[in-house]
Every structure is written in C-alpha cells, then in structure tokens.
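There are two complexes below, and they share chain A, which is joined by chain B in the first and by chain C in the second.
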Partner chain A sequence: MDRFVDLVVSAVLLAGLYATMAYGLGLIYGVLRVVNLAHGGVIMVGAYMGWILHGWLGLDPYLAIPLVVGATFLLGVVTYRVLVRHLPRGAAGGPASLLLLFGVWLVLRNAAYLLFSGNDQTIRTAYSTRAIPLLGSYVSVNRLAVLAIAVVTPVALHLLLKRTYLGRAIRAVAQNADSCTLVGIDVERIYTITFGLGTALAGLAGLLSATIFSFNPGFGSGELLKSFVVVVLGGLGSVFGTGIAALVLAVVEVFAILVLPSYLTAAVGFVMLVLVLVFRPGGLFGQRVLG
Partner chain B sequence: MSIRNNRRPYAPLLLAIAALAVAAALPGAAAAADKDKILIGATLPLTGAEARVGGFFKEGYDLAFEQVNKAGGLEVGGKKLPVQFLLLDDTSTQASAVSLADRLVNSDRVDFLLGTYASHLVEAQSTVAEQNRVPYVNGGGGATKIYKRKFKYLFGLISPVELLGGTLMQWIDEQQKAGKLPKPAKIALVWENTAHGKDFRKGISDFSQKSGGAYPILVDESFELNARDFGALLGKVKAAGVDLFLVDAHLPDYITMHRQYVANGMCHKVVSYGARGGEKDAVQALGQENVNCVLSGVWWSAQLGTRPGPSQEFVKAFKAKYGGREPEWFQALAYESARVLFTAIQQAGKVDREAVRAKLAAMKVPSLLPGGTVEFKAEFGQQAQNSFVLQQNQPDGASPIIFPKDVASAAGVAPNPRCAK
Partner chain C sequence: MTFSWPPLVPRWAVAAFVLVVAALAVAPAALDLSIYSRNLVTLAFLMISGALAWNWMGGFVGQVSFGHAALFGVGGFVAARLMLMEPPAPAPLAWLVGGLAAGVFSLGAHPMLRLRGPYFSIATIGVGEAARLLFTYWEDFTGGSSGLSLPIDMEMKDRLYFWGLGLAALVVAASFLIRRSTLGLQLLAIKADVDAAADVGVNATFNQDLVFALSAVVVGITGGLYAAYFSFIEPGDMFGFDRSIAFVLMSVIGGVGTVLGPVLGAIVFVLLRQFLLASYPQLYLGLYGLLLVFIILFEPLGLTGLALRLAGAVRKRTRRAPRESLA
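Presenting the complex of A and B:
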C-alpha cells in the first residue's frame, strides 16, 4: 500500500512538471499553428534567469516568477516581431518555421555556452530538500509548489481565454484569422501577444525546473520532447487536455516501473505517442481550439 | 648475349624503385634523422557539453609541455628536441573529434597523438590513430569497451570504472568484517545506462557473486542520463529495505537523485554515487549536511600530493602555474598522459611511431597515479589498471582519502550516523 501511495504521489508531482513545460508549446501551436522549436531554448533561458536572480540578487525563485515571466514574454514578442511574423502562414510556413525556430534555439544555447560555460548550475534554497509527510509518504516542497503552479496556470489561462476581450480575440484568431480582420481585430497584435505568452510559459517552466534539477546550456532538449508528447496526447490546442495528458503520461511512466526496467520507463511515453498518432490523431481528448 | 646486355641497364632502375618504395613505407624512420622538433597533436572538448572538463585537460597538457620545453625539450638520439603541441577544439562531438584527428595526422603531420576527454569521443577518435598507426595516449576514455577492441596504438591511463566498484566493495567488506555493517549487507545497485554505468555494475556484481552471499543485490536498476524523476526508482529501493545504496551517476543525475532521496527521508548505512560525492557544485546544490558520509572513488586526488613523490611535484608545479589552485584528477590524468608519452619517446631514442609504440607497450615507470607505477598490459587492451582512491565527505566540508590504507588520511565512517537520527 505504501508503495502504491509513493507511486501515486510521484506520478502527480511529475505530472505537474510535465504540464508546466507543455502549456506554452500548446498555446502557440493552437493559435499560430507554429511548432515552436525554440521552446527548449527558452526553458533553458528561464532556468538561467532564475539562477542569476537568485545567485546575484538573492531573490527567491518563486518571487522571481514575475520578472522571469515578464522578461521571457518580451523575448517572445521580439522573436515574433523580428522573425516569426515574416514566415508564410499555413502549411507553407511549416518547414520554414521549424528551421527558423530551431536556429533560434541554437543561438540561445550557444550564447549561453559563451556566457556561462558548460558547467552544471543549480538553485539551492532553504527548502530545496525539504519534504512534508503525506499519507505515509514524503512530498518534496519544491515539487508540490510546481504542481500548484501547474494547476493554477491552466485555470488562469482558461479565465483569460473565456472572460477577457483579449482571450476571446485569441480564440477567434485561432478559429479564423481572416474573419477576425473583417471585424476589426488586429490579428498581428494577437499573434504577437500569444507568442509572447507561450514563450513566457516556457520561461516559467525553466525557472521551476531549475529549482529541482541542475542545468547547463544544453538543458531543455529533453523537456521539449516531453512537451511534444504531452501536447500531442492532450490534443493540439486543448489547455485542459494538456494538463490531463501530462497526468496520463506521468502515471504511465511511473507505474511502468512495476513491469519494466527503470531505464525503459521513459520510452513508454513515446510508445504512447506513436499509438495515439496512429489511432487517435486528434489526441486523447480531441483537437480543440483552446477549449 | 645481346639480350643479356640489353637487360642490364634496367637493374639499377629497379633497385632504385624498390629503395624508394621501402623508404615510402617507413616515413617515420626516414624523417627521424633530420627532425628539429617533435610535433604532438590533440583535440579537446573546449566548447560544448564537455567544455568544463576539456578546459581542465588543457591545463594538464599545457603544464606538461611547458615543463619539458623549459628543460630544453626531450632528449632524443643524443640531442634535445623541443616539443610543439598542436591543440584543436573538437566541440564535444564525435564527428569533429574524428575529422580533426584525421587532419592532425594527415595534414598537420603530427608525430604522435594525445587523447581527448570522454569515452565516446576517445572511442571514435582512437580509430583514426589506429588506422594511421599513430601512438595515441589518453587519460579521458575509461570505458572498458574502448580497449576490448585490442587496438595496438591505443594506450589508456584511466582505469576502468569496474575497478571503482571493486574498490568500494573492498572498503565495505573491511567494515563488515569489523562488525560495523550487517552480514549479509543487502545492496541496491543503481547505475546510469551507459558504458560507465555498466562497468560500475560489473565491479559491484562480480564482488557480490564472489562474496558467498555476504552482499546480495536486491535492486539492480539502471536509468537514462539526465533523468527528470527518480521517484519510482527510489520507491523501489525504499521498498526493498537494503543496507547499501550504491549508485553510478554523473553530476546532474547525482544532484537530482540525491535531492529526491533526501526529500523522501531515505537513509542507508553506506551511500555512494560512484565517482561523485564531494564536488563543490554538488555540496552547493545539496547542502553539506545532506552529503555527509557520501563515499566517492576517484582516479587521483590532490591529497596524494602530501607525500614526497610524483604527485607532490605535480601539485606543486600546478599550483605555481595556476595561481595556487588545487588540481583535480582531470588535470592529473592529462598531465600524466603527456608525461608518459614523453618518457616513451625518450626511451625509444628516436621520433619513430613504431619504436615509441613498442616502448609504451612495454612501459612500467613510476607514476603519480595510485599504486605508484603505470603500465599498459596487453591482456587489458593496454588500459592501465591502477586502483582508485576512496574519499568520504566529512561534516567540516573536507573529503579525506579513507582507502587504500597506505594513502588514507582519515578513517572512514560506517554506518552512516544520519540514519540513527
């Protein structure tokens, strides 16, 4: 029973991490139909920002969230205005956007190597190794905080999309950008803000990951892969689907250890990805437009 | 008669062609006589994922070349020849390591090669050396599979990681015999799914099998590099109720796993993460109180320099060159690789690849490595088999050597006192 509780706790905490990493990727694809390969690079940038703010200014990583989110939002806006908006829209822009954003990732990574070298860095706070007992198991305070943010983020996104003019405009653009132009919505502005939001969510994921893992300029590639799996499982464009897919992936990976060697558990997610693409190409929860 | 006379003019020509062919087949021998310097090439990962350690290796190489050139060069065939070092950046990638080694040999015409760092790079690059018959001495490729290919021109100073597992078990066995650890002592063996991890696993498993049931392995699990969650794996270890938690991990996984280990409230009588343990980065990331008593095995430690001998001379020279900074095993292995190659060249008495290869294969010379001598036995694929030194983290931040006894500066602690709390 203890073992079962341990595994459930592990799965839920891991789901929080996966979901946080995937929201930004899902949002950008849902609206712009662009696969943001720079997502992994921005996760790395978020981690280094948190490290700098903590190491140099003594700022707690959770208090640094507004600064990191703000800075990566601006990074996203600049990337969109300078680079992404020049890409052709629709299917024609697919390969071009992949190449362009992969290039952005390489630039970010190599800039980080120049600035910070390849050394592994970590953020250590007073609560880095602290845990609270729960149902006979122990729950890391850090991972619990990540889970809480992973739950709050889609709720906030949902409220933004459903209750605000900006959100309604984003959903409308995601559904039909041409019609939006006819009714006076500034589509380019919406794209810019959405790309900024998605990038900011990647920065947030990087900051939160940095409180748990060590990182170096190569950080983010594994996170990008997991994000892809989660976004595709959840159904492209579905915010809550992303959260639930993260939970499904985490549960499957964690419980796989009961029947598989530990090193194979990470591959389970990719097997699921292939199965979903073959049998349910729209994702486990169907393809939606930011529902 | 006339036929005979017509044939004679061709004989000297044929002899000349044969002589030229022989000379072309032996470029080293032909070139050695008029050498005015010795050219040694190497690549290192000065950028990319292994840049940090690549920089450390460069420091070791630079020191060795500086010392030998300050002394006027290497004495070869009765005269001193300066040694020029040609170093290129392989960017931590196999493709660059291979293509640049090819360039060093066939375009820059280096006489000998020193190795790069990291097993996967050495494995790929040493093939170029073997194909071109260039002696290749390295201190950065420890995986046994590199040497199982039985290359003739490849020499490795870095002992296999399975010896690390074996050394750990020897110390643990001493503690068990002293009654400090239970008998049998149950083991959780967790290893990264790489050649490094597999070698570590073999060292522990072999010892366990020969122990007659004194060390049963209850958990034997591997994990992927840079894993994001060890919750399920640690849960399995916890459920098994083992005494010894023996892991082989690189620094990022050590930090991630040990953070979860501590947060899960876990504690074992002996904890080791293989070669990891007392690094400054790890202590900063995990906190001194959480890494106390963690055992680690390394190929060399600056503490070996407290006694007179090659290690002391190296530490003194390194500190003088690098502003008082203490060297780690990376710099020591690089320095020693260069020094061993220099020794072989001098012993050969000529700048000849075959002669130097033969001297390296037969070498047994004093060394700064644990054990005090270095040799490259053919039965191990010319990989050195020097023992490891075990260190254990102390509450005051020090990591003294605790094993082998002849170089130990403190007694090891077992069982871990933290578990009693």
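Presenting the complex of A and C:
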C-alpha cells in the first residue's frame, strides 16, 4: 500500500512536468499548424542553460527561470523570423516544416555535443536530496517545487489567453488568420510571439527537468514524444485537458515499472503515442483549439 | 481496381539505364577497383535501394516516415538469423524472407495509415523507437546490445557487389513503373487530397497499404544485404533513429517525390558520410541538420530541383543568344 501511494505521488509530480512541456508544443501547433520538432532540442537547451548558470555563476536553478525563459523565448522568436516564416502554410507545408525543424533539432544537438561533450550532467543543489513527509511517503522538495511551477505556468498562460488583448488576438489567429488581418491584427507578430511563447515553455520544462533528471545532448527526444501524447490526448491548448492527459501518461508510465522489466519502461511512452494516435486522434474530450 | 501497363518509358531512358547497369556490372573487373572503393559502391547500391523505397511512401504518397529503421532492422535480423542457422540458409533466400518479414511487419502498421501528415510522421517515430527498445531487449533473437556476427567470407563480399547492383537496378525500374502506372497517378491524387481522391474512386487505404508493404519489403531486403555486408549487426545501429533519419535525408538531399532524386541523394549521402566520419566525426549530425534546413528553405526539391533550375537557366540563355546576336 505504501508503495502504491509512493507511485501515485510520483506520478502526480511527473504529470506537472509533462503538462508544461506539452502546453508549449500544443500552443504552437494550435496557432501555426506547425509541429515543432525542435521542441525536444529546446528542452535540452533549457537544461544546459540551467546547468551553466548554476555551475559557472552559482545561480540557483529556480532563480534562473526568468533568464532561461527569456533566452528561449528569443530563441523561438529568431527561429520563427529566420526560418519558419518562409515555409508554405497548410497541408502542403506539413512535411517541409517537419523536416526543417528536425534539422534545427539536429543542429542544436550537435552544438551541445561540441560544447559540453556527450557526458551525462546533473544540477545538484543543497536541497537536491532533501525530502519532506507527505501522505505517509517522502517527497523530494525539488519535485514539489517543480510541480508548483508546473501548475502555476499553464494557469497563468490560460489567463493570458483568456483575459488579455494579446491572448484574444492569439486565439483569433488560431481560428482564422485571414479574418484577423481584416480587423487589424498583425498576424505575423502574433505568430512570432506564439512561437516564442511555445519555445520558452520548452526551455522552462527543460530547466525544471534538469533539477530532477540527468541529461545529455540527446535529452529531449523522449520528452518530445511524450509531449505529443499529451497534446493529442488532451486537446490543443486546453489547460484542463492537458493536465488530465499528462496525469494519464504519468500514471501509466509509473505503474508500468511494476509490471515491465526496467529496460522496457522507456517504450511505454512510445507505444502509448501510437495507440493514442490510432484510437483517440481527437483526444479524450474531442478536439478543441485553445478553449 | 485495374492497373494499366505504364505508357512507354522513352527508349533513350531504357537504353541509358541498361548502359549504366552494364557499365557498373563490368566496372570492378575492368577498372580493377580496390576493395575499399568496391565496398563503398556496394554500400551506395544498398542505400540507393533503401532511399528509393522510402521515397515511394515519403515522396509518392507524401507520408513522411521517421521509422523506416524498424523495417530495415526486422529484415536485417531475420535474414541474419536464417544465415546463422545450422545448416545456413542460402543468403538470397534469407534476404528475401527478411524482406517479406518486414512486409508483414508493415501490415501491422495498417491502422496508422489513416493518420495524415505530421500525425503519421510522429507515430512513425513512436513505432521506430519502440521497436528499437523491444528488439534490443529481445536478446535471444537479436543478441541484445552485443549484436550478432555473421560468418561472411571474402567471396560472399565480392558477390555482394552484384547482388547490390541487381537490387538497386530492380528498385530503380520499379520506381519508374510505379510512377508511370495508374497506381502512381492514384498515389499522387492521395498525396494531394485523400478525400477528393476517394471521391473519384481511388482506394486510398488499399493503395497506401500496398505501397507501404512494397516499401517495407525492399527496405527489409536491403537490411538483409546490409547485415551480410557488415557481417556484424546490432540493434542499436539497425533500429537506431539515425538510420531512420538517413532514409529521410537521402531522399530530401536528392529530391523528395522525384523518381531519380533519391539515387543522387544516396550517392551524395554515402560519400559525405564517409568523408565526415573520417575527418569530422563530431560534426556530422549538425551538418546534416544544416543541410536539411538549407534544402527546405532554398530548394525543396533538393539536387533534382537544382538541376532543373540549372537546365532552365541554360535553356533561357541559349534561346536568348540568337536574338541578341541579331540586335
């Protein structure tokens, strides 16, 4: 029973991280109809940024959040302005944008190999190993903090999308970009900001993962696919749906440890991805865009 | 469903094809190729076959697969197991059975084929990675991460050149036939708009299954030949994500959806890879990434597009020349 509680707690903690990653991917796809294959690369970049700031400047990873988010936002803006903007849109642009952003990912990965070698890295802080009792099991302080941030972020974004002019403009562009130009919304600017926001979320997710897991330049490929599972399962840009879907994925993954040999638990996410795409391509609650 | 025989492929093209194949067949003896270059050409034959087969799916149907390594691996390991039997199965039979196994494996992907565009591509990443993990775990079959060694003698290695040439020639011919037949037209229709294609009587499901299975069989056979070529295979390499990317890259470099582009792409890929692995092993992933970015941004049809553009420019110049001389 203790073990059961342990697993549930760790699944909930993991779900927060998955939700943050997936929200960025879903936002970009919802507005631009582009699958950002560079998402995994940016997750990796976020992790290394936190590592550099901590290792070289002694900055606490949680205090580094504004810096990392700002830097990855800029990275997203540049990626959009320099590369993605020039792609054909719609069905015809599908394979092209996939391949282009895949190329960006390869470049990011290679750059990380050159700069930091392929060794596994970790961010260790004074409180890395500290845990507090909760529901009869011990929970790492780190994981709790990650969960808190992962809950606050999507809610803040949800408020941004619902309550601000910018958010309304983003939702309007997601629905019909052509009409937006008619009513005076600068669609290109909205695309740029959206791509930046989505990328910044990936960077944040990477930084948060780095406080829990070890990482190397190949880090992020599994995270990308998990994000995709969550996006498809939860619907695009729905905060509630994303949260539930992330929880489903995390619970399945965590409980797979009980029945599968440890080597195969990594395959659970991949298998789920395919099953979800084939059987629930509309998501758990039907497909909604930024609702 | 009827398939009409392809309208005549131009005679000069058939002649050129026969000439090139014949020249390549006598090349090792006539040019006294070193073992190194012979092996390089053999590898190019294998990659050409794989790239063309990927292109049937990724180019003709427009379903970009990031998971073809799974088919390559299944074909390779089934063939390897058959060649390791006591007594060993004859190599060509082993390759064929390996290819068929990959074909059967691809039919398992049938439910995925109703996914379009990015959804299909992402699902293939999932299948590919899951296959890599499962087959690495299945040590009784694949030898796990320590892999399998095949007893390949030098004579076999010499003959592989001709087997590779034969396979590549067959696949080039098949690419032409597919493109020129009604099947090819139907695939184009599916690529442009599945629903509209279905409205005019194209059986999109059957056609995609057929092409995917054909592609899988060829990639599987290629995997078997590759296993014999290297005489040592391990799941991390055969099923690796890098291998899946290689199929994509070769077609993109040469020209996605064109008939002969992937041939060019595969040759460039093999040479580039050889050069990069020898001189800049730490850069080669990133350079492929840059190549992808530049090709997609500036010349989506790759080398084929570049060639067409050059040909256009030359034609324009030759046409303009007389007029200028008059003035």
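By our rule, the second predicted complex is superposed on the first by the 262 of 291 C-alpha atoms of A that agree within 3 Å, B and C clash if a C-alpha of one lies under 4 Å from a C-alpha of the other, contacts with A are read in each partner's own complex, and residues count from 1 in each chain.
We adopt the following convention: a contact is a pair of C-beta atoms (placed from the backbone, for glycine too) under 8 Å apart; a residue touches a chain by one contact, two chains touch by 3 or more.
This structure is a prediction, so every number in the text was calculated from the model and none was measured.
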Contacts of A:V107 with chain B and chain C, given as first, second, both or neither: second
Touching partner for A:F270 - first (chain B), second (chain C), both, neither: second
Touched partner set for A:P261, first chain B, second chain C, both or neither: both
First (chain B), second (chain C), both or neither touched by A:L83: second
Partner chain(s) touched by A:V35 [first = chain B, second = chain C, both, neither]: second
Touching partner for A:A22 - first (chain B), second (chain C), both, neither: neither
First (chain B), second (chain C), both or neither touched by A:D120: first
Partner chain(s) touched by A:Y138 [first = chain B, second = chain C, both, neither]: first
Touching partner for A:A64 - first (chain B), second (chain C), both, neither: neither
Interface residues of chain A shared between complexes with chain B and chain C: 113, 222, 261, 263, 266
Chain C - residues contacting chain A, complex: 58, 62, 64, 66, 111-112, 115, 117-119, 121-123, 125-127, 129-130, 133-134, 136-137, 241, 245, 248, 252, 256, 282-283, 285-293, 296-297, 300
Complex contacts: residues of chain A adjacent to chain C: 35, 83, 86-87, 91, 94-96, 98-100, 102-111, 113-114, 221-222, 225, 228, 232, 261, 263-264, 266-267, 269-271, 273-274, 277-278, 281
Chain A residues touching chain B - in the complex, by the definition given at the top: 2-3, 6-7, 9-11, 13-14, 17, 113, 117-122, 124, 128-131, 137-143, 212-216, 218, 222-223, 226, 253-257, 261-263, 265-266
Chain B residues within the chain A interface of the complex: 47-52, 92, 190, 193, 221-224, 226-229, 231-233, 235-236, 238-239, 251-252, 255-256, 259-260, 262-265, 281, 284-287, 290
